[in-house]
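Below you'll find the structures, each written out as structure tokens.
Shared between the two complexes below is chain A, which has chain B as its partner in the first and chain C in the second.
== the complex of A and B ==
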């Protein structure tokens, strides 16, 4: 791979709406600090039905997003190291280690440590690690943990599974209610669900616009612009951001403007990105490689359509149980094959994240299955999302080069 | 008998069963409703990690997959598995086992893969948890009836409850007896009996347990320890240690082995190799394949069978794969404090999320009680055996 060029004629195009992201992030940070000071802050996992705490007027922050920021600042090894000093193994999830490390030494992590939580809300639809991670944070901060248990599904959600998760959502409402002495108002949850749905629909529109050639967005664009739909869905400003974003994306499509200047090869990305090395995508852009789709940002596409509290709870039960990582290998393979077909992709890159077992174990098998079904080649590269100590750039370059040679 | 000898013996026993026409359902996670399989006419057998299966997984699993699942996969890939009628995987216990079952279905498509999904919210005091697991067990029962044409027989179910309960009562007594007087029976012998039953749950395995119980009972009676043993058994089962009555003169140091799915017999074999180590130092384990299986409450015959089996499975103490770190640490502290423990060895399976997340909290809990502890990363192959033995030896020396 060649190195990223520093001049104006970069091989990729920067989105105008990216500047709005900073404003949103700043606002989100201030609101979180205020919520914490007022005793109203919940830390939530990225797959948590955040509509409920938001509708019950809690501030929310996402430690995974903070982990991504730690990674992007290239301080992952140092911050994860603080957790390792406490005895947490280097083999464990680097989002968790970054979170534990920055909770232990917040003064050393100004951009990436989160305000003190009053409660910790975890949903295991993305992995089993989140509970253990939040238990560790609970031990450090004294904030109680609520786990919404969403047992993994095989193809369909059976009635007893629905009933169990529904009871979990009811217990969540009771938990927040008793902890903060408040109730869930029907009008408010409907309003939040509508806002969440509005943002999600806009996000889906932007993702689907990438079916066009050239693709208006590359992987790094989506990884950056997914932040509000993860952290602020259910708020007015989140929906407003995506209105501007979709306008720019669709404007690019109308004018035939691609995310990269010379699109030659279209690939699928699987897994969380290496936040510390997002330039990986820009370097490949210089060789005409674009990633119009990925399995990670497509995870935030569950849509709420409920109209009253009961139907919204039912929606929560279905939408949050059926997320990509809670559905097993067959569903992952189906999703990848579907994306390859829908986005007319030439190949795929699977990032095997050493510290994310739920996402990564099975990739060696699914790589074969996807190639068998679609006929397109793929490659598995190994590293980590936050901890750059286990990211071997030279080895990754060799593997990606081998894939590109097949496609050029 | 050496660890390798025990493995060979149990493999031979299983082979004999298969040859005599028994149908074996293997299982991986230790907390399964054994009674269900027996009620359908199967012999459930706990699959163990083997020391000699260190490669073979590479085509399907990355090196960061937990050492336990790598070992199981390698055994199967290398043809070291017996012919099983089915293999039961747990779901929702940990990410590695969750994904392994999917991989297994693809790679070994002739194998009959069964799955039982567990609720994580074990300590929520909510009936929905038990109902969920009961329905999972009922669905599994339907599948066994349908796919194998072996119906659930009430009579077999009741006999199975008796058989498993005799195993538990007997081994609970032996475990408790060792807490009171670790010299009364060796740890290796107790865990051999546990392992043999879990591998081959038959009357013959029970006979060995009965014999051991009888011998220990006589010895304990002579030493006047029977009440004390019962007080320990009751305390462990109830989680309330206020009634524990240990003898005044206890041999020290007394250590506990904690961890998840680590093979107790392998630990016993490892300790055996350490110079100047007396097995009486090791008072109790807190491992999934030992203590946690043994101290599980039996299903009540009066309840609906599926609800009863669900309640039983959920009564297993302290799995790190379930909700409730603070609860588990409370129980751990109760155990360390009230059973006069001076040292704790925390075993962690390499790349095991539940073990590795819990280990710092266990260390902290021990430290708060001034109990010395050491962490021991392990894999089933003991690939770093020399270093492990040296570390344990040094640790024991610090206990005096």
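== the complex of A and C ==
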């Protein structure tokens, strides 16, 4: 009762499944350590077709997720600084800097450094920096890099593009196979693809539940609960987590319980969040502002079902090439407009992430286009996901407050 | 009645309005190192000049130091306050360009007086009053003399850099090359105006256009901005007070809504 009363005072409600999330993260960390000790660990980029290494029985970890943890622990400037000491520019992606910095000085980054990799798997569907970043990690650790090249698309994937990426996925299977002396078993890839789809479908169900008023989830809830679908899709425990999660979310909807206590304004969030200042969302929650949708967590909604290895590879090619960051500005503007309409949002906040050029480029133009098409106002704020040195809270507050004043 | 207090990076302003919307008292002073002290002094000034005890009079604060005004019932951003303040004096205005000591804003004002869209300069002082302050110091003239000096120029120097620090070294280079102070001063204004014009175009140049903030007092800034935007500019009689004025208008409205 005492606990309940304490939480009643907060403007937002904590998810019960958050404790489950901590267990999963802990388990994931132990499994990664074990895989590394057994010589089976792959580091992968967030948009990589992780189903393939998982089906080939490799352990996987995500340096971007480790970067988010560095950010959340508020040690971003320090850890990025270790990479800067090596000569890397402050303009380089702060996920890359955090990753290089924590590989350089793992003893200084207990929660954000990853076990030693045996292989580095990069896919450039999310940005081109990943290749150079993984090259740097390769130099530091001796692990070889595999690049899955996904050329940008415009609206549809043409046959020659599809064929090229398909050949890349086949080469990936050969690369892992020869490096670890193993083959891809059809039964296993089917199982993994099915588990991946199960988790993704549940994740989509949770995201779509936010169309309800009040929204059962706020931005910070989704940024935390997205972790398994990013890092462990294709595993049994990931799918199980989302079953419990969806149950809680849908229970909130049935009972009219919102993520925040007094929902007045519904906004869209664009881009990666400032991991060092997630309280941004809670401060706004106290003023009745909820974010029922964002472009970031909606990026993990590709769904693949196939009957055999060949058809699953085709699905992999399509899903991972059609990530909207790989499809140009129009695709992103379409996505934002669609979310504003589907989730009945009053406005939008675009976070211009200083070190993520791929996500942030074109935001000023997109802002105009989105307002023109949807009629709702938006604001661009500037900062960084990990490096809090470029986050000016006073400037951000003035811009967001002005947007809210326009809406009230 | 209502009071508006605008705590800016360079100056703090206060306005007292009567219920018919007329200015009863106003005050302006340098913010200095303590925003709280400046606010206290401004409130005293208004109170004594109007000969009114301000206890119980609704007050709204704005500006970068808006949260520091303990006496205010509420704080509202300078974006909304400038918009409301300008609309109060000239409801026709559709684009407001406000250039203060540390930021520059372009605001599209809707027919109700509320902002419809806005853009602010980012973490850079190149398009702000601070830029002119730095350049006046380099040219060894006072800030008030800088604009008139620039207007004497027939051939402004080119200042290519948009960064205050690099532009300063460029200006020093021009001095070394024997360029006239007037041409350099004009170049400084042209460079600054190009940043503000770009900001304004992002919001959309809809006439009539108004300029406020301390920089609006500078005749060379107005001259070159008008040329770059290709429009006539309307300047209120006291362009530094519109934020405080808007806050005072909102203070009266707020009290009216509640009673």
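Things worth noting here:
Just so it is clear, the second predicted complex is superposed on the first by the 400 of 408 C-alpha atoms of A that agree within 3 Å, B and C clash if a C-alpha of one lies under 4 Å from a C-alpha of the other, contacts with A are read in each partner's own complex, and residues count from 1 in each chain.
Here is the rule we use: contacts are C-beta pairs under 8 Å (C-beta built on N, C-alpha and C of every residue); 3 or more make two chains touch, one makes a residue touch a chain.
A quick note: this is a predicted structure, and the numbers were derived from the prediction, not measured.
When the two complexes are overlaid on their common chain A, residue A:177 makes contact with neither chain B nor chain C. Of the two partner chains, chain C is the only one that A:392 touches; chain B does not reach it.
More chain A residues lie in contact with B than with the other chain of the pair chain B and chain C. Judged by the touch definition given at the top, the superposed model places A:364 against both chain B and chain C.
By the touch criterion defined above, A:377 lies against chain C but remains apart from chain B after alignment on the C-alpha atoms of chain A.
Using the contact criterion defined above for the overlaid structures, shared-chain residue A:142 touches neither chain B nor chain C, since it reaches no partner.
When the two complexes are overlaid on their common chain A, residue A:39 makes contact with neither chain B nor chain C. Across the superposed pair, chain B and chain C both touch chain A at residues 364, 382. Of all residues in chain A, those touching chain B in their complex are 86-89, 91-93, 96, 124, 127-129, 131-133, 135-136, 138-139, 147, 149, 151-152, 154, 158, 160-161, 163-164, 167-168, 171, 328-330, 352, 354-355, 357-358, 360-365, 369, 382. Chain C meets chain A in the complex at residues 64, 76-80, 114-118, 120, 122-123, 202.
Chain B contributes residues 59-62, 64-66, 91-96, 98-100, 102-103, 105-107, 115, 117-121, 124, 126, 128-129, 131-132, 135-136, 139, 320-321, 323, 325-326, 348, 350-351, 353-354, 356-361, 363-364, 375, 377 to its touches with chain A in the complex. By the touch criterion given at the top, residues 364, 368, 371, 377, 379, 382, 390, 392, 394-395, 398-399, 401-402, 405-406 of chain A touch chain C in their complex.
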